[in-house]
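Got a structure for you, written out below as structure tokens; questions coming shortly.
Lettered A, B, C, D and E in written order, each chain numbered from 1.
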Amino acid sequence: MRIFKRVSKPVGAAPGTLVHVGEKKVEKSTITVLDYDETQVAESEVEAVAACAAFKDSPTVTWINVEGLHEVETLRELGECFGLHPLALEDVLDTSQRPKIEDYDDYLYIVVRVIRYDEADDELRSEQLSLIVFRGAVISFQEGGGDIFDAVRTRIRANKGRIRKMGTDYLMYSLLDAVVDGCFVALEQMGGRIEALEEEVITDPKRSTMITIHQLRGQTALLRRAIWPLREVVHFLERGETPLLQEATGIYVRDLYDHTIQVVETTESFRDLLSGMADMYLSSVSNRMNEVMKVLTIIATIFIPLTFIAGIYGMNFKYMPELKWIWGYPLVLGAMLAVAAVMLFYFRRRDWL
Amino acid sequence: MRIFKRVSKPVGAAPGTLVHVGEKKVEKSTITVLDYDETQVAESEVEAVAACAAFKDSPTVTWINVEGLHEVETLRELGECFGLHPLALEDVLDTSQRPKIEDYDDYLYIVVRVIRYDEADDELRSEQLSLIVFRGAVISFQEGGGDIFDAVRTRIRANKGRIRKMGTDYLMYSLLDAVVDGCFVALEQMGGRIEALEEEVITDPKRSTMITIHQLRGQTALLRRAIWPLREVVHFLERGETPLLQEATGIYVRDLYDHTIQVVETTESFRDLLSGMADMYLSSVSNRMNEVMKVLTIIATIFIPLTFIAGIYGMNFKYMPELKWIWGYPLVLGAMLAVAAVMLFYFRRRDWL
Amino acid sequence: MRIFKRVSKPVGAAPGTLVHVGEKKVEKSTITVLDYDETQVAESEVEAVAACAAFKDSPTVTWINVEGLHEVETLRELGECFGLHPLALEDVLDTSQRPKIEDYDDYLYIVVRVIRYDEADDELRSEQLSLIVFRGAVISFQEGGGDIFDAVRTRIRANKGRIRKMGTDYLMYSLLDAVVDGCFVALEQMGGRIEALEEEVITDPKRSTMITIHQLRGQTALLRRAIWPLREVVHFLERGETPLLQEATGIYVRDLYDHTIQVVETTESFRDLLSGMADMYLSSVSNRMNEVMKVLTIIATIFIPLTFIAGIYGMNFKYMPELKWIWGYPLVLGAMLAVAAVMLFYFRRRDWL
Amino acid sequence: MRIFKRVSKPVGAAPGTLVHVGEKKVEKSTITVLDYDETQVAESEVEAVAACAAFKDSPTVTWINVEGLHEVETLRELGECFGLHPLALEDVLDTSQRPKIEDYDDYLYIVVRVIRYDEADDELRSEQLSLIVFRGAVISFQEGGGDIFDAVRTRIRANKGRIRKMGTDYLMYSLLDAVVDGCFVALEQMGGRIEALEEEVITDPKRSTMITIHQLRGQTALLRRAIWPLREVVHFLERGETPLLQEATGIYVRDLYDHTIQVVETTESFRDLLSGMADMYLSSVSNRMNEVMKVLTIIATIFIPLTFIAGIYGMNFKYMPELKWIWGYPLVLGAMLAVAAVMLFYFRRRDWL
Amino acid sequence: MRIFKRVSKPVGAAPGTLVHVGEKKVEKSTITVLDYDETQVAESEVEAVAACAAFKDSPTVTWINVEGLHEVETLRELGECFGLHPLALEDVLDTSQRPKIEDYDDYLYIVVRVIRYDEADDELRSEQLSLIVFRGAVISFQEGGGDIFDAVRTRIRANKGRIRKMGTDYLMYSLLDAVVDGCFVALEQMGGRIEALEEEVITDPKRSTMITIHQLRGQTALLRRAIWPLREVVHFLERGETPLLQEATGIYVRDLYDHTIQVVETTESFRDLLSGMADMYLSSVSNRMNEVMKVLTIIATIFIPLTFIAGIYGMNFKYMPELKWIWGYPLVLGAMLAVAAVMLFYFRRRDWL
């Protein structure tokens, strides 16, 4: 996990300077357009950015999806074509943004983080998604490491649900809903790992357990940093402070807000669980250690006095009457047994065994 | 305890898609209707959903209780019959909802969680209860693992208290009151377990004690997640922001709010108690361990120098004058006693014994 | 300390059902009436509740004090006589209430908790006090385990201070002031115990110290749960949101509010102190343990190599030239001394002694 | 440090009863008067309180400073002379007040706590300062353990700065500023101690270090309890909610507020530092202990198997062929060396040495 | 790290007294002037302060930068020349200020802290920057230990971006943006150190690791104290509560606010990370220690009973039949092997090895 992600933005550059800050995740950036209304759908891949301009004022709903943010020049053209503010475009390119929503009067600018569970590394990945929402078009900018919008696309193509009947606000809602649904998937996977870990903490705490707890805590913190501001973003929409949002969509946004709260609360409860498990781990480890030490110390303690007795009769004094007694040896053995028995009895009575 | 409950909701499904998310707790879902006003009560079990429609606009108060949420088709019919919004119905079916209240203008949609103490598993269970409150009817949806509304039903049948004289708002209040009363029962049972545990932590801390503390903490967290938003739900009602609530009921809702606050505070105090007990446990365990180690180490420490002395006179040097002294053996024994006495005296003076 | 107090309220009873929830603290409940104005005082014990009705509309200030809450029937009569709402009366009888204030238009209903230090058990006790404040009468309901209002009564009888010149609002203030003064007494006693304990934690930490800290923490939590809502009650009065409170009394209520804040803050500082002392205890105990272990381990460590040397010359090999040297024995003794000295020197240089 | 200071206020006394609560810090209480305007200054010590009355309505600014609060009768006279409310005067005398500001229409009543560093005891002391601010006079009540207002007096006498040109509000500001400046001095001294302690915690943690940390935490808590409400007092003034405060003084009060915030933040950062140091101390101590235990245990562990080998050849069996070998003794010595070497190698490879 | 920085401000000085509080960081203080509008730029170093007065009312934007704050007399002249309030100037000179913004009607006074990473000491340094923003001029006061405004100067000279087209509000924004950019650089460097440290904590925790964690925590606290109030300063500007800020600049200030929030959140996440690492360190150290102790104790424990057996047959009793058996020695050796094997088996079965 990279702790601090800001890479290579030149300090002191003029505000509005377009620089791609982040990893290059796809070889070539692609722009696809999905144009639809209640009666028809048209899908195309765009080569020349200028072609997009036509969609800006068309009465249909247009969804322009950009995947890959490293081709700065193309994005600048797109920005100019749609009249985006340089600061908004700068933020689109800088993939270390914190989720936020900004109202630029004729469009909304939304940044959220898409949470994905990377099976290979067993880790959460967070990618930036920017949405520019006009009254007639939505532009989405993805970094490109996987697509979470397939279900939305399918619903548009197949005219399932209300999506074809509604405007860009409902499309925006659908995209954000897909993002939140993605969080649920990530949470489910983390939940599974946490459950498995809880078992392990109680029955068989190992050094690796603690490291995993530590890592999961880091992941939860990552999730938290992505989710808390997302909550604010959705809350802004839910309060209906933008005219771009139509009343019919309001009820869906409220539902989305509920889901976001649920994600937030689950994340918080994971935090609590992991913190409780760290305590449990420490207690388990020291418990086991104590058990080991106790049994071993008791063994040592019983034999030390016995060894001392043996040592006494190993001395080479000339005048040691006991050594010549016929019953000396059995008596000493008996005495040793007696000492051991008394000690064991005492230990048991004090409940140390 | 399942950490994360969301089961099987297909990610990316269109909003408003009806899917039952949760366990199937009763074999067959049943719909019972209780229709009453000040003068008469009628009770029936409904087979065909259409039969319910008649109650919608009748002047009497109608309470339709649905137990078991897996028969999606029946519920869809019921929803259509009462004109419920698809999103509300979707939430009724998804039993991983967080308590909330939503005002759909001509009806209120309330989700709360019913807390039940499962004697068999010694664990709290949380089930979802949804209420749809119209001016003339209340529909309640239960998952079905036990009924907490028997007392309310009895009061209606026997015309005890005011319930028959009041409207659906009072019925809603009575149902929520039953839910909060259920919380008190659960709290009482948890309180009993915590009290027993506190005794155990101080007098006889065992490994299982810590695990029980950990489990109770998890239960408290569960309770907390169910109760905090319930508080907001009741607060919404108490503020009187819905015209469905009549003034005469207001004072009862205020009382309900007080009870909810009491549940919240008791839960918080359980949290504090359990956290204090976890500290106490660690301190108790390390205290006991220290006691064991100290006594054992002291025994070992006293015998080690003595064994050394014995070892000296066990050496086989030809020229060791002491070995030939007549009083050699008794002198050495005396010296050993003296060493032991000095050490014991020193340990006692430093207060280690 | 009972963790959860709710006893025997039948779950599912209709709201407004009168049941005494709590212990019976006096054998027989008594009702005393103190009726006064600027010129005269009349005191009497009431047998028949109906006799109280006369005081309701009299121009004098009437203070009806009820001690003992288990005679439900008497209280119901009293309630009806003064037109109390069933919910208010239900709360008076349920002694597990959280402090609160409720405005029933023609009377205020106040619940607070009276904190008393029980010398016998060395524990804080919390009892419920309910006040019903009319424009012309105050009814106070006490559980009955001791009377904190004697000073107020004396002031009324002796016409000391302003109490005889003012109305029921000033009487209410005086009663609440007595409750807060009682808190100060309890705090002083706890403060004394905490101070003594702090000394003990630093100089001589024992197992019982930790248990006492734990108990005092529990007591502080109890105090806190009684005090925080009391603060809200007094704050409600201070904001002057009820017409029952006259302006001249306002300044006294502000003073009362300051005292309440002082109690809250002292309680919070006790919490901090106790938490700091728990840390201090753990550190003290482990410090002492470490000291013991270190000295003992050092003794053992020094003698182990020496015993090994003695063991070598205790071997029975036929060909061990040193055994036959005349200076063998003294040389070995010298070597042992040298080893011990080197080890002691090393330990001291590393600052372990 | 006395944990709870309230001494001897008779519980149940009528509100407004004048009792001096606190220690008597000066033998005799003195009243000095400083009367000034832009052109002239007059200073005098007052014997008869009645003499003060003249200053009440004079156009000049009058500062009456009372030192020593145990002569209740004198203070009562003064109070009557200036028409102070009994509750205000009661609070002046009760030196366990929490900082607060109260607006009695024609005067402001301000209580703050003066923090002083007592060199002798190496401890912070907190004393109560009450200010009564009229439009034409300021009365200050000090407990009397040292004077922090000398600089203000000098500025008035020497006509330095604006003080002679401004009214009582600026005088009040100057006195409060002196109090906050006193806090800075105390903070500087604590800061010095904390810095020294931090060094000690890292390089040479001793038992006394922990006790000092504990004491400094107590002091910080004391400071905090004095400073937080002071902040509220100054905030009240800064909001300009009293007509006694003229606009020209407003900017100075804002500056004072900034200083108060700085004191609050420094106090908070001390809290954090001390808490971090307590953790550091525990970690340092256990680190040192571990180091000791590890080396000692390793020594013991190496010699135990060797001693066992020596023990074997110390046995007196008749038929032990090795004992008769010529090379038996050197071989065994060699074997012992080998065992020790292998163990040391193993310990080093596992990085335990 | 100096814990408390306030040096040498004379306590009790009249408010508005000009004293330089802080270190002298440059030998000679310099004043440079940058005067520009859309068409031209003029740069000069000022010797006589009076020369600045001319710029005050010129229509161009003037940026007067003062480096070094110890020449009090020069600054006083500058202050008088621009009509600054003595309190503002006092704060400029006192370099222990907390970030704040103050509106003096015809100018804004802003204090922020510039965070710099000192490579030599591997530590963060915090310096004070004061800005006085008039409608036609900005005066910046730096302590002088390095310049972070070079990029802004270059942009002005080269006419890059919008800076030459905008007023003093955009200049102010640019300077604050440079400060926040400086924070990002410092965060990146801290982030790198934290990442390296995390690796170390898990794989090879050493005493120095803990000290570094402790130091980084101190640094984070420093950063936090500088950043939190900066956030409030920028928030004040973002709310547009001052007429000095033109609408066109508003969008840039909003962007600045986002960056500030990002810095705040990164600082908070560093805090969490470091706190998690401290826990991890303690757990790692005790884990390693436990491992060492366990293996060593097990070795000791196995040999102690064996040594006891050897001790028995080392006794010199005359009548010990075993000693004379031909198979005595091999049998005992065998018995010892058996005992060791049983113990090892037992330890392994209990999972202690």
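Throughout what follows, contacts are C-beta pairs under 8 Å (C-beta built on N, C-alpha and C of every residue); 3 or more make two chains touch, one makes a residue touch a chain.
As the structure is a computational prediction, the values presented were derived from the model and not from experiment.
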item: Chain labels contacting subunit D and also subunit E; value: none
item: Classification of the subunit B:subunit C interface as same or different, half of numbers criterion; value: different
item: Subunit B-subunit D separation of Cα centroids, rounded to whole Å; value: 42
item: Inter-chain centre distance, subunit A versus subunit B - centres from mean C-alpha coordinates, in Å; value: 26
item: Multi-partner residues of subunit B (at least 2 other chains); value: 286, 293, 297, 300, 304, 307, 311, 314-316, 320
item: Ring path (origin subunit D; first step to subunit E); value: D, E, A, B, C
item: Touch list for subunit E against partner subunit A, complex; value: 150-152, 154-155, 160-163, 174, 177-178, 181-182, 184-185, 187-188, 190-192, 194-195, 198, 202, 251-252, 254-255, 258, 261-262, 265-266, 269-270, 272-273, 276, 279-280, 283-284, 286-287, 290, 293-294, 297-298, 300-301, 304-305, 307-308, 311-312, 314-320, 350, 352
item: Residue ranges of subunit D touching subunit C (in the complex, touch as defined); value: 2-4, 6, 9, 11-17, 85, 87, 91, 96-98, 100, 102, 207, 210-211, 214, 217-218, 221, 225, 278, 281-282, 285-286, 289, 292-293, 296-297, 299-300, 303-304, 306-307, 310-311, 313-316, 320, 322-326, 328-329, 332-333
